Amino acid sequence: MPIVRVQEADFDTGRELDALTGGRKDVGALASFTGLVRDANDGSSVSAMTLEHYPGMTEKALEEICREAHQRWRLLDTLVIHRVGALKPGDRIVLVGVTSAHRGDAFAACEFIMDYLKTRAPFWKKEATPQGERWVEARSSDDTAANRWRK
Amino acid sequence: MPIVRVQEADFDTGRELDALTGGRKDVGALASFTGLVRDANDGSSVSAMTLEHYPGMTEKALEEICREAHQRWRLLDTLVIHRVGALKPGDRIVLVGVTSAHRGDAFAACEFIMDYLKTRAPFWKKEATPQGERWVEARSSDDTAANRWRK
Amino acid sequence: MVTLLYFASLRESLACSREQVALPSGSPTVAALLEQLRSRDARWSEAFAPGKNFRIAVNQQMANATTALKTGDEIAFFPPVTGG
Amino acid sequence: MVTLLYFASLRESLACSREQVALPSGSPTVAALLEQLRSRDARWSEAFAPGKNFRIAVNQQMANATTALKTGDEIAFFPPVTGG
């Protein structure tokens, strides 16, 4: 089942992942990914970041990505938590967790969700650098990563 | 840097992953995998599991797998914790964590470490089933998974 | 009327996050709406110039220039996304 | 002398986890050691029969039948691994 949350608050990785597996005895594999704010990007130091999103569409897009993952692989649960608002280097941005009986499905679905989130979920990053604020440009490598999953 | 631990005790996933990223501001991506004991395998219910290993060689094999991952991808840290001894369904068996600036490297290395661990690290599982105890047979799908990474 | 939303760099360069406009007449599409927006002034025509890399959502689903519009729709314009 | 270790199902079927044996004479290899073990009795010859799926480590590194042996080596025999 997909669980999707968009929030300003930080999250507790251990508690979230434990909740995905806790009490279940049919989970053999839990793959997870955490994205964090780096203090450097595209050759500039980064002192702060602001994450804008499209309330309403964001949640729909994330749920749709998770549902597509459930259709493609044999999964038990999927979790996406994505933060918005003001963040600083070292802060967590996103957590994706996927449980399955077997690791191949869990790994593939976790990476798929991240690749699709990067290209289809309406979030935008603005970085504060010594040269001023700047919107992060979309990377063609993210499109390439997402296109790998085309059937 | 590779961190490898083989232990009977359970581990705290959140604390271990937080320690991998904590205080660093150059980590953009943390990929992790947790393997757990399932209550069913190969058509039988499983009530308990015992994990045997080869003390000394186990740690060397895991460190070598991590070092190979560091050679293949641009990584910051790698972590492997593997439990041995008596386990029951729902228990954690293994945690692999990989940090990198970018997610592609972290995902690939995390899956690589699991695939190599499954085929090269000297652990053996014995399951208790209603028909008695049995040693888990190696899966050809694990060899196939590991062979994907051959250069 | 339809609701238009602008996000991120597009919101900033147009100095507008949300507005209500009348639909183009006939069988309106996103393309007709874009034509109407471009006709406002240089800033708007540049933001939505052909070849500019922006995304369109209609009622919170990804859409494109040929997507049909009807009264009450929520149409969003934004740059390529950069979350995660 | 060399130390031999047996793990998992092999340890159980041979009823032995660890022993010390003399090296085969000449330029000893794992193959010569295996020949010596097979000559013990039916249980040992079956456990290490050609085509049996077992693994060999010498001094905690994966090895094979052609690996050379010397006094003091630790040689381990075990089934394919199943951790994770």
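A, B, C and D label the chains in the order they appear, each numbered from 1.
Basically, a residue touches a chain if its C-beta (ideal position, glycine included) is under 8 Å from a C-beta of that chain, and two chains touch if they have at least 3 such contacts.
None of these values were measured; they are calculated from a predicted model.
Of all chains in the assembly, none touches chain A and also chain C. Ranked by distance of CA centroids from chain A, the top chain is D.
Averaged Cα coordinates give chain C a centre that lies 72 Å from the centre of chain D. Annotation: 48 Å between the Cα-based centres of chain B and chain C. Mean C-alpha position of chain B lies 26 Å from that of chain D.
Those residues of chain B in touch with two or more other chains are numbered 35, 103, 114. Contact of a single residue of chain D with at least two other chains is seen at positions 84. Pairs of chains meeting the touch criterion: A-B, A-C, B-D. Partner chain C is touched in their complex by these residues of chain A: 35, 51-54, 56-57, 60-61, 82, 93-94, 114, 117-126, 135-138.
Interface residues of chain C facing chain A in the complex, by the touch rule stated above, are 5, 7-9, 53, 57, 60-62, 76, 78-84. On chain A, the positions that touch chain B within their shared complex are 12-15, 17-18, 21, 23-40, 89-90, 101, 103-104, 106-107, 110-111, 114, 141, 145.
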